[in-house]
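Each chain carries a letter (A, B, C, D and E) given by its place in the written order, and its residues are counted from 1.
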Amino acid sequence: MDFTDVPFIIKSIPLYVEAMKVTLVIGLLGIVLSLLLGLLCSIITYYQVKGLKRIVAIYIELSRNTPLLIQLFFLYYGLPQLGIKLESTTCAIIGLTFLGGSYMAEAFRSGLEAVSKTQIEAGLSIGLTNPQLIRYVILPQAIAVAIPGIGANAIFLLKETSVFSAVALADLMFVAKDLIGMYYKTNEALLVLVIAYLIILLPMSLGITLLERRIRYAGFGR
Amino acid sequence: MGVEDQKPLLQIKNLHKKYDDLVALSDISLEVHSGEVVVVLGPSGCGKSTLLRCINGLEEIQSGEILLDNKIINLDKTQWHQIRQKIGMVFQSYDLFPHMTILENVLLGPIKVQKRNREDVIKEAKQLLERVGLIDKIDAYPRQLSGGQKQRVAIVRALCMNPEIMLFDEVTAALDPEMVREVLDVMLELANQGMTMIIVTHEMAFARAVADRIIFMDKGKIAEIASPEEFFTNPNTERAQKFLNTFSFDNERSNNK
Amino acid sequence: SQPEEELSSLEKIKENDVIRIGVFGDKPPFGYIDENGENQGYDIYLAKRITKDLLGDESKVEFVVTEAANRVEYLQSGKVDLILANFTVTPERKEAVDFANPYMKVSLGIVSPDGSVITDVEQLEGKKLIVNKGTTAEMYFTQNHPDIELIKYDQNTEAFNALKDGRGDALAHDNTLVFAWVVENEGFTTGITELGNQDYIAPAVQKGDTELLNWVNDELKKLGEENFMHKNYEATLKPVYGDTVDPESVVVEGGIVE
Amino acid sequence: MQDLGVRVLFQGINMQRLLGGLLITGRIALVSIILSTVLGIAFGLLMLRKNKIINILCRIYLEAIRIIPLLVWLFIFYFGVTKAFRIHLDGEVVCIIVFTLWGTAEMGDIVRGAVTSLPVHQKESGKAIGLTDLQIYRYIIIPQAVRRLVPAAINLATRMIKTTSLAVLIGVIEVLKIGQQIIESSILKTPTASLWVYGFIFFLYFIICYPVTIFSRKLEEKWQS
Amino acid sequence: MGVEDQKPLLQIKNLHKKYDDLVALSDISLEVHSGEVVVVLGPSGCGKSTLLRCINGLEEIQSGEILLDNKIINLDKTQWHQIRQKIGMVFQSYDLFPHMTILENVLLGPIKVQKRNREDVIKEAKQLLERVGLIDKIDAYPRQLSGGQKQRVAIVRALCMNPEIMLFDEVTAALDPEMVREVLDVMLELANQGMTMIIVTHEMAFARAVADRIIFMDKGKIAEIASPEEFFTNPNTERAQKFLNTFSFDNERSNNK
């Protein structure tokens, strides 16, 4: 076991930094869009909007019961046959959002359901209007409850970006595979890959754990 | 106080309320005068909560009229949030907003709904919290309070809107006995100050002490209206008799005691 | 390779009575899988013969489908005994594996759509070039033209599909492969037929496995005597190339280069 | 000729090959799920021990598995480990090892969660009717913990089935790889092959995972008290 | 029944119990005779639950002795599960096993712990369930029962072990008033049949009716032992007086009632 090719590792660092940016940008974009899509879906389900409710249900089942990689291959290689050609970046973001939306919807749903009926009635009985009720009573509580789920989903989605290397997106995984293929420095490439993921994911995971703990122990504190 | 010669503050006329097929309230008529304390008693499921919820517009009614200050209030659904400012309500569950401090809980209504001046409201809120003995909890969060303290804050929150009438729905049912007392004392004080109140409770001793009038309900109907003295010593209906019996344990033990 | 192993690699193959050969599964006509799930192609034709001569029966081969970028790893980690996957000899690769004598010649070819044929590398400036990860094409452009934007794929199928889907302006690959692909795909032209050095394609074994290496070299020499590689060309490449390609520009016979 | 593209699925032995590939996928999933269940229960019980060192070690294992993407783990085992130790590991074996390591961690956490979420007074009322510790486990804790963990465990199983798709990226010839081979060999005759083949595989995964999801949801509803 | 001349069924001598640094019980001594009903009263946190839990071995004690039938029972930790067969206990929370039917809940102890004949136990269980009015719920699951029904089953579950003494810890505290009554009635009936019981409750009327003796606790100590008559009409200690006051509302309303 020798990881000793330090010069090679140093030489490859700029490549990884570039790739890390790609991973982060795709991941964060995907997460933000997933949050929006998830919020939309959960509100449609919460308010039982006719028609849309069914579509959301079908979407959630499709998204949750198929692998991201297949969704991606279908988007990237299948759709051009129908004349819909998507860039790998677009595919990645659409794919991640398609996957993440259903997970985020689930997190929001549990948050919304955690706001008890009595809270809503208490709000009504001091004369709050419906928008005020959502703004001051429902959302703050729902989001607090949903945050651990949202955090876990965010980490999950960032990790899932690793499969995008399969559609020629130059993310971390892609660079590692590339270096292995060209220079055969497997151990070195994988070592730097793991470190790169740790640099992204460790702070995120720690942050979320802290946030979660604060919500759990301090209740609804500042 | 001679309440009878005034116009009633709250009037309910022939109220009917169904949940799907279940008749929860049928033909309820009731008048409450300013400064009067009405206690509603009755077995579980008889419609006490439903009555209060209808008065506060939390439930839609099928027919009948509800008048506050001689104005019908149950016509326009969209206006309820304005009328609710005049009707304070406190529920059994401690329904404080957990993500706000005590003060923020109390301020929300007056500032956001009534758009009153913040300084004025804070001053009033502090006075009210002082009165219920919670001035030192002003910056605490609900989770840091006992059940009894939470209910006292919930009462203050409703009071701070300067309502014309207060509705209480079994506000002590989920409390430990010591805490029951501290909440009931606040309500007694309110009664003494002339607040108009409709109270649903299962504390018979308290009901007797606080009420100007007792309304006894059974199966969605008003079965009996009486003064507390009359009701507790000599109820008219058999149903009320039976109800009162469940709270007494005379001569139950047959052995050598 | 494995010090604790008493048997040499060749003996081990014979002991197991099976040889694991790494081949391509998506690089017609050199190594691909037909619609019946059978491995076929120029590399496979040779692989079967090698197996027959080594173990007495060509069915004793176990084909392991590799990707361009995997080939060295497969050898190094002992997943295969021998690589016959259009493996071009390069100095970097020589450090990682041992090559036997060549059985094919190759240089780079660049294919592009008919409307805008690329005939000179200079034209690629500012355009997107599709390559395969771990191929000589990738290395050539990474080293000699770092400013040309490369779109990299793991698999040949994906790379050629990408060209068809218009995800890049041109595709660089072994010219032998490009020739074949153009024949079957209308609307594309090999604008540049020979780029970079003339390279050779050879079988590869694990580094230090001289016994198997020598055996393969001897085998190639013996096959040269019966002009086997030309027969291979007739059987696997001719049907694709037709008369567009001169066999002598592709085939190396007997492991000998002039 | 788009409407004829679907024919590619039925040409030659394509359908047979795809289903054969699905069998490989299924085999990887099944073996990993079974191993994960057995090892995961053991791991969960280990985490329930009140030993600080054991707890910390378990935590590290769990977090390490969770924080590094599975695909990276596959590469580490497929290339890194095999190269470092010069052992030959088949892609399928690597998949089973990695998915089992992952499944064990997740399953363990589910088991731990199911047991610790039981209210204390359940145990106490068991004691109050004179049950021994062993009987409390046998009649009260385990049956209730199982009801809590089975839906989550089934959910994990569908996640594992979905994750098998990653196997193709380390060269395992499973359903996706065979799909790619079919696309490759029919690309000339059927240009829309990739649409149909990937669509079909998408559908295959869905009809396997969806009923399992529904089943776990039903079970959860039934056992919720 | 002349209980005084017999040996006491349960004896507690100089019991001390700490939670870490907090003294929960200090120097508790108490005797309960066969057939006697002892009601323990006291403010929240005074140690009532802790006392019952110590008697049932759910808490370890620091010093003191607990004797049942003149045998010390708090020596050998491993034997508690045998002793607990003789001591039935019912908690405030409905502690039925949610994954078993009502009948299974009741049978578990007698069959698994006491290894009694299944047929016999089923017969007895049915009789007991009949007595508390739940014979038709025999195959239902706990979640299908109301709170009061659950508590009645919990009592049956304890009774079916044929215990020598029953401990009740605020079994009605989480119940709606009507359900309170149905559970208390079951306990009253038990008392009438001569069951030895220690009851912690906040229902004063019930306490007065059911008790042979009242134990009033304060801050981990027994502050007063008295007959119900004595205690409720004329308590000895000031603390008890204050405690009882929280339950009465005489002359609280100052207005024109």
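Following the convention adopted for this analysis, contacts are C-beta pairs under 8 Å (C-beta built on N, C-alpha and C of every residue); 3 or more make two chains touch, one makes a residue touch a chain.
Computed from a predicted model, the values in this text were never measured in an experiment.
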item: Shared chain contacts [subunit B and subunit C, defined touch]; value: A
item: Which of A-B and A-C has more C-beta contact pairs; value: A-B
item: Centroid distance [mean C-alpha coordinates] between subunit D and subunit C, Å; value: 36
item: Between subunit E and subunit C, distance of the C-alpha-averaged centres to the nearest whole Å; value: 85
item: Centroid spacing, where centroids are CA-atom means, of subunit B and subunit D in whole angstrom; value: 55
item: Interface hub residues of subunit C, defined as touching at least two other chains; value: 70, 73, 76, 154, 161
item: Residues within subunit A bordering two or more other chains; value: 77, 166, 177, 180, 186
item: Interchain contacts (touch definition) - all pairs; value: A-B, A-C, A-D, B-E, C-D, D-E
item: Complex contacts: residues of subunit C adjacent to subunit A; value: 68-70, 72-73, 76, 92-93, 95-96, 133-134, 138-139, 142, 151-154, 158, 161-162, 165-167
item: List of subunit C residues in touch with subunit D within their complex; value: 1-2, 25-26, 28, 32-37, 64-67, 70, 73, 76-79, 154-155, 157, 161, 184-185
item: Footprint of subunit B on subunit A - complex, ascending; value: 116, 118-119, 121-129, 132, 136-137, 140-141, 144, 219-221
item: Subunit D - residues contacting subunit E, complex; value: 119, 121-122, 124-132, 135, 139-140, 143-144, 147, 223, 225
item: Subunit C-touching residues of subunit D, taken from the complex the two chains share; value: 11-14, 17, 78-79, 82-83, 86-90, 169, 171, 173, 177-178, 180-188, 194
